[in-house]
Structure formats: structure tokens, C-alpha cells
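In what follows, structures are represented as C-alpha cells.
After this come two complexes, each holding chain A, first together with chain B and then together with chain C.
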Partner chain A sequence: MTETRFHAPERLEDAISLLSADEDARPLAGGQTLVAMLNADLLSPSQIISLHRIKALQGIERRADGSLRIGAMTTHAVLARSGDLRGAHRLLGEAAGRIGHEAIRNRGTIGGAVAHADPSADYPPVLVALEAVIEAVGPKGKRVIPAAEFFQGFLTTALNLGEIVSAIILPPSPAEACTHYEKFARVEGDFATLSVAVALWGGGVRIALGSVGPVPVRSAEAEAKLFAGQLSDGAIKEASAKLVAASDPIDDVRGSADYRRLLIPRLVKQAIRTAQAKDAR
Partner chain B sequence: MNAPGAPIGLSLPRLEAGEKAIGTALYTGDMVLPGMLHGAIVQSPHAHARILGYDTSKALAVPGVRAVITGDDIEFRYMGLVVKDETAIAKGKVRYIGEPVAAVAAIDAETARRAAQLIEIRYQPLPAVTTIEEALHDGAPMLHEDFAKYAKIYDAPVGRGNLLAHSIATQGDPAKGFAMADVVVEETYTIAAQYHAYMEPCAALAAFDPSGKVTVWSSTQSIFRTQANLHECLGLPMTKIRCIAPRVGGGFGGKSEATVEPIAVLLAKKGRAPVRLVLSRNQDMTAMRTRHPGWIRLKTGATKDGRLVARDCELWFDGGAYADDSPAVMNFALYFVRGPYEIPNVHCEGYAVYTNRMRAGAFRGFGNPQMTFATESQMDALAAKLRLDPIELRIKNALPNGARWFGGQAVTESTLVEALETARTRAGWDKPMPPAPPGKRRGRGVAAMAHSSAFLSTGAIVRLQNDGTIAVQVGAVDIGQGSDTALSQMAASAFQLPVEQINLATPDTDSAPYNSGTNASRVTFMVGKAVGEAAFKARDQIIEHAAAMLGVKRDEVSLAPGGRVVVTGGSRHNAEVSFADVAARSIWAVGGPVIGSSAVMASHAMDQGHTKMSGWLSFEAVGIYTFGAQIVEVEIDEVTGAVEVTRAVCVHDVGRAINPCATVGQIEGGFAQGMGYGLCEEMVFEDGRLANPSFMDYKIPSALEVPKTIECVLIEKPEASHPFGARGIGEPPLVGAAAAIANAVADAIGKPLTRLPLTPERVLRALLAQ
Partner chain C sequence: MSERVAVDLKVNGTTHRVSVPAMRTLMAVLRDDLGLTGTKNACDQGVCGSCTVLIDGAPARACLALAVALPGIAITTVEGLAQGDTLSPVQQAFLDAGAIQCGFCMPGMIIQATALLAENKRPSEDDIRHSISGNLCRCSGYTKVIEAISLAASRLTP
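Up next, the complex of A and B:
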């Protein structure tokens, strides 16, 4: 009979060595997915390595270049209310506030959610839109991976054995950026049927979609059209067509692939117009 | 009837509110016995397969495992309410994905779960039928080859493949009726499977005593149905089966019949120790029950002035792999084929079919929500065609007092018109709604409904205790709806005592008189009636004792609040004795203990001369009819098709609200569950496999979805046949909710939707198709 052993190391190195020595060990961050999977008998790890005592994974730090380093163990609730998120970074706080319910947000962490890489989760499209960088630590040390390369498929990331997400780094953002995270779900607290992350500022348009493919969908052509067309209805229509073409949705209990494709132009437009309205305020 | 100051009509706090709020309430899963083992089940991966054999050696070799049971441990003994077709655990064949096929008892739950995964079962997969259509094909594989041999309590369609029940009813002359009609509407309505979503998954704890008697604590709606099912499937005499219900975390019909009790008993027997078996949410969703999915073709004819003259209905329910309550649910749906209206000419046929899918069973409303979605949607379609106001059309055809129900029983009190008029006024129906915000559409819809309360028998025993307090024994389980409080209030009222002086016993088949179950909106009505009758008998005995003790005639004394009997008038005016004095006399000196008992059963003859019925279960015990009306306002997002219920007005005839706060709670909860049925709840089966077996994928409305206020209006016209005037309200608030929402959506988008639930995708497609 296998037993699951529990560890809660204080040092990041100890967590890494435990994880890299045993491929059946799992790191525990906020536990909002891991514990549910354990309860559902979908997972039976040999060891659970809790990360909650590791100080190196905590805290939000604004760096000299204007970028923001968010420790992996930062909870959704903290991000949803954080005054550190300014300009386009606010997109992350908006998405954090839409994850699950309050109780989930109080426990769940950005590092755990990002490492889990659920394509219908709220952070992935935001991180891709913001061109965030994922900082990972493993037995070979620290490295950084652009979000667009980090998410590789359904529940699949660029992390290697023994590597964990240690921080999320948001590049500097223009203060004047306005943002909107548009999430459409069957009920409050559900995973998105479709989500749209939008950031707009004088020099740029960023847009990424969640839940319409194994990884977030972003299209350089779509953004170019939006920028060139100055966000006109016509430009949004053309850009949406590009995004639909780039998407690869599936049929599931949240909606059919066809419905998701139908929603893309409708919610992209709504997201952009809402972001603009926030700017006007 | 009710003395002034007695606790009827007061919103007393729930008796068990404190323990539930602080988490000390004891549910089956909280109970621990010395030496107790933990159970785990193995479920079938096949929709249909023959079981060729088991290899349990690996599981038995796991340290800590005490017993493994499979179909080899039982004989072919069958249980079931209307068809005895189900064994304690799968034997010979499996008939649905998720069916319990083996189980383990071990020293802890984790060991049991791990060992369960090591049980090897050899199957020969068989062709499966996972839809009604597949099940009825010529040459379709039979789920139950022995169907003809099973015991049944209705005229079943033997020799017709997987057809489980076929019922026909005709009233008047439908052909003539349709010939009289100026307008005819016809539509097919499709309904989905809904999950009961009780908070507490199914659970049982079984323990044998040295005499060989087994005690079963379980999360059940009926201790007596549990006992009967255990008796049937295990062959134990009822003298050796004791069933007890501790706190129960919801049922909604899903715990009306046996759940995991038979497996827990088998494990306890083989493991020679008490065994507790608690299903996980995933197991509960894949192994237990659903609301009946299917479809209803409905055709209605009316004269141009809006009089309903004829109706024709064909109903198909997917019953799943075992009959459970299916024939009864199908019949009950047909029983409401006219809705709460007078329609003189009706023909209906209903079918229930076995398929290789989890069984469908009783679920709050018992077939009526499905039928009411069809009938009330059709009323709006008719109103549109006749250019009549939907409420006017309903009032015009409302069943009047003294009219006959479909089947021929008399309706003594119809409050439908009052309910509709009250809802109309309260909702401001005649005034236009404020304009919708940009990007939204607004709509308003109504549904009228009727339901019955009573169904089947019950009893009560009421005893005076030595200290002058009252003990009440009933077999009714409070499954969270508050019946313990309501029954205590009724008993307290009969004796003019505060509820604290009532001891309502835990439901226990060893001591309680028979009660059929907590279902059919019947506990406050039927068990309340039994409590009242038994209490009045005990009260009469108290008065008799008191009169003798005070040396006056019986009619010279009366009950006074606080457990006293007082002389009224004469030379001994105001002399009194206490209930404790009476108890002392009765147990030490004269007459023996004060005990009142009662046995009640609703019985109203059906009339074949009024409605000719064949292939039906008897509905003579159906009881009284209760009416209500709901008006709903919705806002539809034009971008996504999402429907938000912005307002709900629910008007229900409750006879008398024993505890108004709890009554309103029932209405709010019923409406919310009906909202889920109408808008978002659907168990999606793909080739017999449930695609959404978790609350992550199957969504019920939360506090964030239901309207901030569900406006409840109680019509209180005391029901004459009930000692405290009450009617049942458990099911009615759900029955019409989906229909009212669907009618509001149709109003908003100008087109009715005929398939539940009204998902954003379906609504958006309807919007775009215009």
C-alpha cells in the first residue's frame, strides 16, 4: 500500500531536491486543484511538498525597471485587491477577482494556477497578453520562460522534472493603459466558456483569448488590424476573424466549439469597448 | 382548532439550527462505532456487460482489508417499489456505467479505496442502449431478460423489449374536442436529466448485534423504505433490520429508496464489524439517480374565445437501468396533463423505457415539473395565437371548486384564480416593464401550477411523559426542510405547550409507527395530521384524568397554556392540575400511561367513468390538490444569450403556514432548484457515460444567480381535512419555475424555446435565428 508523505520545507532548495528526486511527488501551493483531484481519486502522489513556508516564493516586488515580480505563492485574493497593479497590470487583478469564489481566491495561488495550465483558467490569457515571463526554479537553477512558450498544451507547460514556478514577472507597463478582462461563464465561479483579456494604450493593443484552445490564443495579425483600424467596429470584426481562425475550441459541457467561435467576435468587441469606457472614466 | 398563543404560525427557529450552524450536527458520515470499518465501492466501466468472474485476491492481500463483496456473495433477490428488478449489488450483469459491482471494507477509508482499485472483474461487454430510441429498436439488447418474472404492482407491458411501462388515459371525446377547436397548437418539449445535488452524498453505517440483528443508520428519506428494500434484497426478516435516520443533508427524492445501505450491510456481515460507507460526490453522481429526461409531445385545441376543448399528449421518459420509481413518475406526469385547468377531452399515453444509463427516480415534483414545462409553455403559445393575455387565458380555464381532476377525483378547494390574480397584482403584470438596458432584452413570464400532497400512509404515537412533557414518535425524517420543527409546533399547539416541551423522537423503525417517506409534499400534511389526531387522543385522556382528579365533569375543565388543566366555572373555578400530576396518576394509580395513536391514509376513489385509464398505478392515495402561480422577469444578454432572472414572484396556497419562515424557505429553495432545472442543470450523458460528474462541471445556481429577493406570497386558506389547516409546499415551488422562466425568455426574444435547460447557447441561437 502506497502512503503519501507530506513535507513542508522552509528552503526552496529542499523543496526542489525533494521534487526532483521523485517524479511521483507533487508540489502543493494553494491546493485548490490538487486537493480536489486527490479527493476525486484522480491523483495519488507519493509525496506532497507544501510550498507555503518558503519565503522566496512570497511577496510582490516592483523592480527598478518598472517590471513587477509576483511571488508564486501570492493568492488570487491578494492580487484582486492589490494596489501594486497599475496600468496594463491591472488586467491581472481583474482576472484574479474572477477566479472561482472568494474562498477559492483566499487559498489559490498564481503560481499553482499557472503551473496547472488549465486552458479555461483565468491567468493564462492575461499573462500571454501582457507578455509576462514565468520564472522557474529547478535542480539546474533559475530560468525565465515567456508566457507564450510556457503554456504548451492542455495541462502541459515548459516546466521540467523538479522545476516549479517561483514567480511571475510582468514587464513594465505604460501607466495610461486601460484594460478589461471579459469572462463569460455559465454561472459565477465556473471556469470560462470564453475569456478575453484586453489591454490598450497609445502605442499598442494586446488581446488574448482563454478557453478556446489548449493554450491561450493571441494573434499578431489581429492586434495589427486593431491598431491600424484604431479599434473601429470594422477593425474589430477583421481582428475577430483572425482570432477565430487562430482558435481551436472543443465541445464540452460549457458550450460547443461552434458556440465559442460565435462568441469570439461578440465578446472581443464587448471587451474592447468596456476597456475604452474605463479609460473614459 | 388552534388555541390562541399556541406556536402555530410562528417563525420559531429550527430546533436543530444551532448544531448545524456550529457543525456539531451528527450526519451518517460523522458517526463512529467501536471497531468500525470503512467501505469503498467499485463501479462498472461498462454500460452493459456480462460479469464473467472476479479476482479479489490482490485486494484481500492488502493489509487492513477485512472483507470484499461481489455479486457472488448474494442470491438473485430483488428489491424495488413498483418493479422488483434490482439486486443489492450487480449480479450476473452490469447495466450502467457507474453501477456498484463490488465493495471493500477496511480499517480506514484510504485503504478501502486503494484495495477497491485492485479488484479485477472480467466482463463480456454487451451491446448497450443508451437512449430511448436505441432501447426500442427491433432486436435491441434487453436489459432485463427476466422482466416478465419480476414482481410488479402495475399492469406492465411484458414482451415489449425494454419498455418498462405504458399507460393510457382518455377523458371525454378527444376527436370531437379537436373538431370543436378553432385553434390548435402542437409542440414537442425536450427535458434533461437533473441531479439531486443534495449537500450530503449517500451514506450508510451498518452494524450487527450479537443476536444477528442489523442496525442501519443512513442518509435516507424513509427509514421504512430502507427497511423494506433491505428485507427484499437480502432476505432478512424485518425483525432483524432496524433503520435509523440521523441528521440528513437533503434528499429531493434521490434518497426515497435504497442507496448504499444494502452494500454497507453486506460488508458489515462479511467483515464482522460495523461498516460505514460514504460515497464521494463523483460516485454519488454516477451511481445513484437523476430526474427523468425525455420528451413530451403536446397538442391543445381551444375555441377562439380561449376555452380549452381538447388535449393530446405523448410522453416518453428514459428510466435508466432499473425501474426504481419510473412507472410512478411517468404516471404522475400524465396525471398533470391538463395542468390546473378544465379540459373536457383528453387523450394521453406515457412510456417509460429501460436504458443502459444510471436510473432515473423520484425528484422533487415527481414528473410534474417536466409536464408543467410542456403544458405551461403551450398555454403561452396558445395565448399568443389567440391574442389573449396569458393570465386571462389561464383564469378563464382554471379548474373551479368541486370540479373533477383528471382521473375523476373531486377538487375541494381551488385557489388557482386567487393565486394568479395575486401574482398579477404583486408583479405589476399590467404595467410595462422598465426598458431593458443597452445590449439586453427583458421579458416576463407566468406559470400556473398544481400539485398534490399526501400520498400513502403514516402514523403517530403521542405519549405523556412523567414530568408532563410530551413524547412524539413518527417515522418521518427531517431531511433539512424543517419538518421536525413543524411537527413539534403542531404537537405543542395541541397541548398548548412551548415547543421545548415536545420530544420528537429520532426516526427509528424499532419504535416509530410506519411512515412511507419524506416525499410527495406530505410530511407537514400527512404526518402533521397523524400527530394532530394522536395528540388530540392523548389530550382527551389528560382531560379525563384531570376532571376525575378535580372532581368535576369533563366539560368543566379545559387545557390552559403551560401544561395545566383548569376548571372553568362552578364552585371549583380556577382549580387546576398539571400534566405532571396527570402523568403520575396515570402511571402509578389509574388507567395506565397516556398514549394517543393514529393511523392515516388518504383515499379518494378514481372514476373510470370520468377518465378511462389503463396500465396505471393507483392514485387513490394521492390526497389533496394545491395551487400556485409564479411570475418571473428575465434579462437576456444579446451578446452571449445568458439569461438572468431579475425578479421572481411566487404565490402559493399553503393552507396554513405552520412556520412561515420555513415555508418561505421551502418556496425560495424550490424556486432556486427550478431555476437550475430551467437554465443550467443538465447531466450530459455520452454513450451512457456522465460527462459532468462533479460540481466543477455540473453547475447549480448559487446565491449569486438567484434574484436578490424571491418574493413569496402565501395564500392561507386553512385546509379543512388537516387539524392545523396545512397543505404541503415541498414540491410546488419547483414545479412551475422552469416553465415561468421559459415563458419569460420567450417573451424577451419573441420565440419560445422548447428544450430545457435554456443554456446561453440555445438562447443565443434562437435569438440569431430570427
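Up next, the complex of A and C:
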């Protein structure tokens, strides 16, 4: 029987060398998924590498170009009430506030959620809609991966052995952007049956869906229809049809694939109209 | 199995040096190593809320935290709320409102409500419902729980 060892390095390089030397080692962030999996005997890692003491993974920083760098260890609770999120970036805070319950949000982190890549999770559609990039650090150094390429499938990401998510970078956003994250779940705190992330501003419409495919669903055709039709009811209907066609939902305990497809037009319209109403405020 | 690690856990103001396997959850350490069985074990998946404790003042699931990752960090369990024989205002309100049925979910509810009232002195009924949405009561006695939390709020901030 092997023994699970625990490390809490202070330096990012030390965490990476521990992880790249042993494929059965696992990083620990908020533990809100990892420890639940340990409790369910779904995992028995050889080593747990806690990321809590690594300063380089913490904090939110606005960069000179207006982009926002969010450290991987930033919790959902911090993002949900962060005053650093402005313009379209507010979409991320709206989604963070809808994750699980307060006790989960206090511990769970954006880096852990992104690395876990649950198709029903709340951040992935937001990051795809905002064209965020995922910053990863590994034995070969640092690289950035567009969110649309980072999420590759059910619990599958572009991360390589020994690589960890170090930050999420949101590109600059126009201050006038209005946003809405619409989540439909069976009960409060559950994962989404369907979620819709919308950001609107003068020059564009961004929309992505969560929980209706192995990765977030975004459609250039749908966005073009919405833009050309100036968000009219007719344009929303046509765009929804494109999004339904681009989706690939499954039947599960949260709803059948057919049910999810029926929800798409309704939730898309609701999300767009709610975002617009916030703009009018 | 996992190696044992010595860790100083600061629970209810007292530091305990325990030697625990790396994978042991805070819940298991509280209950089995420290004998603090007020923190209840039910789902072990973070869903039910019965093991809710305060970690650094904020509600968290004890079943989803590894004890070894919490050295020196203030942890408050339901046993830490009363002052000697005097119950905390939230505990007293739960008794007075008759909010207790089988009692199993109560420690988690009381911890969650304590955290709510520390941040929000005059919660609306909606705020209260929202706050305890992650604490399941299988007796389904939520109405009295909501009354109890309102009562505690009105006593704390008349």
C-alpha cells in the first residue's frame, strides 16, 4: 500500500517539479472537488501538492492595457464581490456568485474549477464568451491558452503533465458593456441544467452556453445574427436555432438532452433582455 | 493510507497539536481526534451542510478541507459558540423558536446563521433563506429555523 504524502511548497517552481516528477501527484486548491473525490474513493493520489502558500497564484491585478489577471487561487467568494470587475468582466463575478453555496464559494478557486473542466460548471461559458486566456506554468515554462482551446472535453483540458493553471486573463473590456449570467438549475446550489453567458456592447454581442455539450458552446453565426438584427425577437430566435444546432447535450439527472434544447431559446432571450435592462439602469 | 503529519490546529481558540494522515479531513479530525462531535458527518460531499464550521471566520465544509492544510488557522465549531453555560444568541434563539427537530442539521445551521448575522445585521427573510440554502434539514423544519434566525437578529440588533 502506498502512502499519500503532503507538500505545501512556497515556490511555484517547487510545486511544478513535484508534479512533473510524478503523474499520480495532484495539486490541491480549494479542495471542493478534489477532497469530495477522495472521500468517494474516486482518486488515490501518491502526493497532494497544496497550492495555498504560493504567492504567485494569488491576487487580482489590472494591467496597463486594461486586461485583468486573476490569480488561480482566487476564490469564487472573492470574485463574486470584487470591485475589480468592470464592464464585460462583471460577467465573471455574476457567475462566481451562482456557484454552489456560500461555504463552497469561500473555499473553491477559479484555478481549480477551470482545471477540473466540468461541462456543467459556471466559469467555462463565461471565459469562452469573454475570450479569456488561461495562463499555465509547467516544467517548460509559461504559456497562454485561449479558453476556447483550453476546454477540450468532459473533464479534459489542454494542460500537460506537471502544468498548473497560474492565472486567468480577461482581455480589456469597454466600460459600457452590459452583461448577464443566466443559470437554470433544479435547486439553488446545484450545477446548471443550462447556463447562458451574455455580454453586449456597442460593437458586439458575445454569447456562450454551458452544460449543453462537453465544452462551452459559442457560435459565430448566432452572434452575427444577433448583431445584424439588433437583438430583435426575430434575431434572438434565429440565433437560438444556431446555438441549438451547435449544442450537443446529454441526458442526465439534471434534464434530458431534448429538454435542454428546449430551454436554449428561452434562456437566451431571458439572458439578453436582462442584460439590456441592466444597461438601462 | 497516508503518512502522518504533525499539525497545530487552532480550534475554538485552543491550539491542539495532532499527528494525522495527510488525507484526513478536518471533519474526521474534529470528530475522531479531538472528540468534537458537534460537527456532523452526513454526505461527505459538501452538499448537505451538516459539517459546516467557520474557517478564518467564514463558513466552510469540514468534510472538504484537509486538516494538514490548515495549520494555525482559526477554526470555530458549534462547541465554540457558547460562553461557558451561556448559549450564543443564535443557539438560544433556535431553542426559543423551537427550531430543533431531530437536531442533526442544527450545528451546521447555527454556524451558517452565526456567519450570516456577523455580516448582515438585519437580514430579510429572503437573505436568510438564501444563506441556509446549503444546509439540508431532512425533517424539513425550515420554517422554524427561519423564525429562529430572525429572532436572533432582532435580539442582536433591536
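To be clear about the criterion, the second predicted complex is superposed on the first by the 281 of 281 C-alpha atoms of A that agree within 3 Å, B and C clash if a C-alpha of one lies under 4 Å from a C-alpha of the other, contacts with A are read in each partner's own complex, and residues count from 1 in each chain.
Here is the rule we use: a residue touches a chain if its C-beta (ideal position, glycine included) is under 8 Å from a C-beta of that chain, and two chains touch if they have at least 3 such contacts.
For clarity, every value in this text was computed on a predicted model and none was experimentally measured.
In the overlay built on the shared chain, the residue A:A77 is in contact with chain C alone; chain B does not reach it.
Contacts of A:S67 after superposition on the shared chain: neither chain B nor chain C is touched.
By the document's definition of touching, of the two partners only chain C reaches A:I48; chain B does not. Contacts of A:L263 after superposition on the shared chain: chain B is touched, whereas chain C is not. In the superposition on chain A, A:S20 makes contact with neither chain B nor chain C. After overlaying the two complexes on the shared chain, residue contacts for A:V35 are found with chain C alone; chain B is out of touch. Looking at the shared chain after the overlay, A:G189 reaches both chain B and chain C.
Within the superposed three-chain model, A:Q276 lies out of touch with both chain B and chain C [touch as defined at top]. Residues common to the contacts of chain A with chain B and with chain C across the two structures: 1-2, 36, 39-40, 101, 187-189. Residues 1-3, 5, 21-23, 25, 44-47, 49, 52, 55, 58-61, 63-66, 68-69, 112, 115, 130-131, 133-134 of chain C are the ones that touch chain A when the two sit in their complex.
Residues of chain B touching chain A in their complex: 62-64, 111, 113-114, 280-282, 639-640, 642, 680, 682, 684, 691-692, 694, 696-702, 704-705, 759-761, 764-765, 768.
If you check the complex, the residues on chain A that touch chain C are 1-6, 8, 28, 31-32, 35-36, 38-40, 48, 50, 52, 77, 100-104, 106-107, 187-189. Chain A contributes residues 1-2, 36, 39-41, 44, 101, 184, 186-191, 193, 252-253, 255-256, 259, 262-263, 266-267, 270 to its touches with chain B in the complex.
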